[in-house]
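Structures are listed in the sections that come next.
Across the two complexes that follow, subunit A remains constant while its partner is subunit B and subsequently subunit C.
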Partner chain A sequence: MYFTSANFLLFFLCTFVGYYTVFRRVQWQFLLMASLVFYAFSGWSNLIYICVTICSTWFAGRQMTRLRIGQEQYLAGIPELSKKGRNTYKAVIKAKLKKWLVLCLLFNLAILAVVKYISFVISSINPLLSVINAQQITSINILLPLGISFYTFQALSYIIDVYRGLESESSLFKFGLFVSFFPQLIQGPISRFDDLKETLYSQHKFDSEEFQAGLARVMWGFFKKLIVADRLITAVMALSDPNGGYGGVYVILNAFFYAITLYADFTGGIDITLGTARMLGVAVKENFSRPFYSVSIADYWRQWHITMGTWFKDYLFYPISASRPMLRLFKWSQKSFGGGFGKRISVYTSTMILWFVTGLWHGAEWHFIVWGLVNGIVIIISKELSPLYARFHKRFRIGDTNGYKAFQIFRTFWLMSFIRIFDVYGSVRLTIKMYLSVIFNFDWTRFITNGPSDLGLDIADYALIAIAVIVMVIAGFTHNNRHMEFTNVKPILRTVLIASMVFAVIIFGIYGFGYDSRQFIYNQF
Partner chain B sequence: MDELLKILTNMYPDVDFKTHKALIYQGVLDSFDIVSLIAEIDDVFGIRIPPLEIMPENFNSADALYTLITRLSESEV
Partner chain C sequence: MKIIKILVIPAIAAVIFFGMQRLLEPKYMSGIYEGRLISEYYGEAISHDVIFLGDCEVYENISPITLWKNYGISSYIRGGPQQLIWQSYYLLEDTLRYEKPSVVVFSVLSMQYNKPQKEGYNRLNIDGMPLTDYKMESAKASAMKDESLLSYVFPLLRYHDRWKELCADDFQYYFSEKKVSVSGFMMRCDVKPVDVIPDGKKLPDYQFGKNSYKYLDMLTKLCKDKGIRLILIKTPSIYPYWYKQWNDQMADYADKTDLTYINCLDLASEIGIDYYTDTYDAGLHLNVYGAEKMGYYLGNILADSVPDRRDNPKYASVWNEKVQVYNWLKATQEREVKEFSKIKTFTY
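Let's turn to the complex of A and B:
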């Protein structure tokens, strides 16, 4: 059930009415039921996967809490125990906690690996087997449960936090709601239990201010998705057709169009998520700031898909960097290569591992992995060049000027756009071919003759997209997406603005009878 | 404390680490710097900072970081 479908609107209307009326005293229980119904629309069998994740993670969390309580009671019962004795006992309990953590992580990652990566592994191994004339492995096709990467990571963040000291949730059903809360189930944000538990489980009275703010945010999401993303994706698909002959200048156009499409699609989906949650009184964390105003790639990744970035930073990058092998690598590389670059080798190794996994998380295909590694390489190069930049800024005194900042934003936007096209061409080989065509076969003539007119969109479509993009740029320039909840304007103006967005979406949105609004791009991850 | 200040000053000579109280919140130190510091602290002090201690409050100032190092060196487990 896509957010942009009539089914979802009907589903949400029923949920919303029931939530504040008949089921107002059992709101979180009702939300859990609604979330499971929502997920069942993606296929009954998918419910099994999410229920297994919920039950296994909850059980492991409870076992950890049981161990901690047992430890406290044991130590309180024998205050005369020596410091050494206490330490020994704590070490035993810590080892048991770690066993539950590892078991839970491996179990849930194994599910993710089997459903998401088994085909990729087989298709990557088979060419190697054919080299040695060994028998090929039969491919297994398992339908990927919707949002599995998102809800699995959300559940894993919980169990790691419990291992680190968070008190586990005693109610299986409350925990089930945390993992399955329907607005964020299929494309995030990836919330933390500590951030969501209060707002998710407490009683909410209908609040017209919150409702209007949520509705405005939802309409802003529909505006971006239905007017911009679902329209411009037609041109992106035409440009990405390997048989379309759209190389050279069209690659630059494709990078530009895809940047706008993905932004409108993903942030639009998140706007709908945050808006629907807010209408239910639930405050979900922001997932974007202003990524296209970033001055560097590292800055971009602090503003794009924030909850995924912080997940990888907190649960992968820091633990890897602080691990014994990496600390040993630091000592060795410092001794071998000196105190400058030698000191940074371990950090860069962690960075490349992080981006390899980030690429893999996005999809079980080589182009995602290469995309991740390219991000890591560019970030490392930027870090290595930063002293040079600093000297340059100092020498020419341009570091703080608006002109230079505009240049940095322009540079980051295009750098990210060119890295991102690994995703749009869907093949490493094709992407490299397209890069090369920009250098060796720019091909102005076709573009000058046809422009972008043979990409499935007419002049009215481009005009509409241009106007909508200007609105998005102004919204981004003045503030981030939260600004579009219109909480600081007079009620009458807010009503007018929301109504304008409703009309804009109805009149200019891509939908209608027989039209199947497109899946959100991030749903597939 | 002097050794810690030396590590920090080597990273950013222009920053006054004795007085700065918002190294993370003001973006003086990023995640690269944090993991570099963790490795340096392990190397110099022999203290391994566990991932759960990697939070802004512990890295926001030299004082906070020194308190963390002291606490970890005295901790039971």
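Let's turn to the complex of A and C:
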């Protein structure tokens, strides 16, 4: 059930009415039920996967809390125990906690690996087997459960936090709601238990202000998704057709169009998520700031898919950086290459691991992995070049000017757009071929003759997209996404603005017969 | 104040919504005029003794004016392009809300379609109906995959993307459109003779589908229940090909259910159809001259079952107006064909 489908609107309407009609003390149970129904629409069998993740993670969390309580009681009961004895006991408990953590991580990652990566692994191994004339492995096709990467990571963040000291949730069903909360189930954000529990389980009275703010946010999401993303994707698909002959200048056009499409699609989806959650009184964390105003790639990744970035930073990058092998590498590289570059080698290694996994998380295909690694490489290069930049800025003193900032934004936008097209072409080989065509076959003739007119869109479509993009650019001037909820304007103006967005979406949105209810691009992750 | 706000805001929103809907709905005042056929019926001032149901084989092949002028038969053609049998059925149900005809003539060509065909044709046959259970049932039976029934309730959800195609017609005919038919008949005065009569393409299966029969049974039962005489007809269009096997099935059905089945293809010479002068597109449809011959022929058959209303002043007044329009349209089209070799006027 896609956010843009009539089924979802009907489902949400029923959920909304039911949510504010039932007794407030059972609101969260109602929400859990609605979330499971929502998930069941993606296939009954998918419910098994999510329920296994919920039960296993909750059980591991409870075991860890039980161990911790046992430890506290044991130590409180024997105050005369020596410090050494206490430490020994704590170490034993910690080892047990770790055992539960590792068990839970491995179990859930194994599910993710099997359903998401097994085909990829087999298809990557088979060519190697054919080289040594070994028997090929039969490929297995498992239907990817909806949002599995998102809910698995959300569950894993919980169990790691419990290991680090967070009190586990005693109610299996409450925890089930945290993992399965339907607005964020499909494409995130990847929320933390600590951030969500208060707002998710508390009782909510219908608040017209909250409702209108949420509705405005939802409509802003629909505006981006249905007017911009689903319109422009037609041109992107035409440009990405390997047989379409759209090389050279069209690759630049494709990079540009896809940047807008993905932004409108993903942020639109998140706006719908945040808006629907808000209408239910649940405050979900923002997932975007204003990435297209970033001055560097590192800055971009602090503003794009924020919850994924922080997840990888907190649960992968820092633990890897502080791991024993990395500390050994740090010592070795410092000794071998000196205190400057040598010190940074271990950080860069962690960075590359982080980006490898980020790429893999996005999809079980080589182009995602290469995309991730290219991100890591560019970040490392810009880090290495930073002394050079500093010297340049010191000499020419242009670092603080608006012109230079605009240049940085322009540079980051295009750099990211060109890295992102690995995703568009869906093949490393084809992407490289397209890169090369920009250099060696920058053919203007077709573009000058046809412009973008043979890409499935007409002049009215382009004009509409241009206007919508201008609205998005203006909306992006401020860091605060919530201004699109119109909470600071007069009620009458807010009503007019919301109504305008509703009508804009109804008239200019891409939907209805012939529209193939395109998924949100991030659903697939 | 709060109550005013609660009432006024939705009212304004509704006005904008329906205003936009009206603007974006196709007006069918150029190009495809057939989109107006279904809705024009609801403006009729008199009742009808004969109702024709079916596709272009009724709304282009039979002249109700001939039926009136020569037999005093008040008739209406509730036809639409590629009208499917379930659409005919629900149109009749809908028609029965307004009047009870003595005879229903159903064109059996649509028996060949056992399932929904094209969304565009569905629209032409259903959009014009008022919002009733019958309209929704018809939409449900006709809907293609991915078609939303809600868009039959709120056509804006279907036609919203016409903002790119808005033209002068959409503004000019915002409040009311011109008429395109006379009692459901769409007139064509041009001539394109039949040059070749090809054999029908071989079909893998000549059996009409279960769904088609289901609705034919329903149509038969509805007419019997209401005391209406049902006549099955195949009008004398050469295309689409009417197979012998199809003809036999209809003849059998008529026998079993005690209905009249008329295959006008076999009776073309008796009716007087001249395929050199009576068709405007080489045999696919009849022109007005062929339709008038069909009118004469059917009038003879229908005259026994329905009254002559020519002496009824209410009927006479309405039909005389129709005759005038018909004559004017015919004269105009004939002049245009002579002057421009094509018809320019389809509306009045």
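The criterion applied here is as follows: the second predicted complex is superposed on the first by the 515 of 525 C-alpha atoms of A that agree within 3 Å, B and C clash if a C-alpha of one lies under 4 Å from a C-alpha of the other, contacts with A are read in each partner's own complex, and residues count from 1 in each chain.
Just so we're on the same page, a residue touches a chain if its C-beta (ideal position, glycine included) is under 8 Å from a C-beta of that chain, and two chains touch if they have at least 3 such contacts.
Please read these numbers as outputs of a predicted model, since none were measured by experiment.
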Will subunit C clash with subunit B on subunit A after the two structures are superposed, or do they fit? fit
Looking at the overlay, does A:418 come into contact with subunit B only (first), subunit C only (second), both, or neither? neither
Which partner, subunit B or subunit C, is in contact with more residues of subunit A? B
Mind working out whether A:460 is in touch with subunit B, subunit C, both or neither, as first, second, both or neither? second
Quick one: classify A:182 as touching subunit B (first), subunit C (second), both or neither. neither
Quick one: classify A:326 as touching subunit B (first), subunit C (second), both or neither. first
With the two structures laid over each other on chain A, which partner does A:158 touch: subunit B (first), subunit C (second), both, or neither? neither
Once the structures are superposed on A, label A:94 by its partner contacts, choosing first (subunit B), second (subunit C), both or neither. first
Taking the superposition on A as described, I'd like to know which of subunit B and subunit C A:318 touches: first, second, both or neither. first
Once the shared chain is lined up, is A:258 touching subunit B (first), subunit C (second), both, or neither of them? neither
Please indicate which partner A:83 is in contact with in the superposed arrangement: first for subunit B, second for subunit C, both, or neither. first
For the combined overlay, can you note the least CA distance between subunit B and subunit C, rounded to whole Å? 45
Both subunit B and subunit C touch subunit A at residues none
State the interface residues of subunit A toward subunit C in the complex, per the touch definition above. 6, 458, 460-461, 495, 499, 502-503, 506-517
Which of the residues in subunit A end up touching subunit B in this complex? 83, 86-87, 90-91, 94, 164-165, 298, 313-314, 317-319, 321-322, 324, 326-327, 330-331, 334, 343-344, 346-347, 350-351, 383
For the subunit B and subunit A complex, residues of the former touching the latter: 30-32, 34-36, 38-40, 42-43, 48-52, 54, 76-77
Can you list the residues on subunit C that touch subunit A in the complex? 9, 13, 16-17, 20, 24, 119, 144, 146-148, 150-151, 156-158, 160-161, 163-164
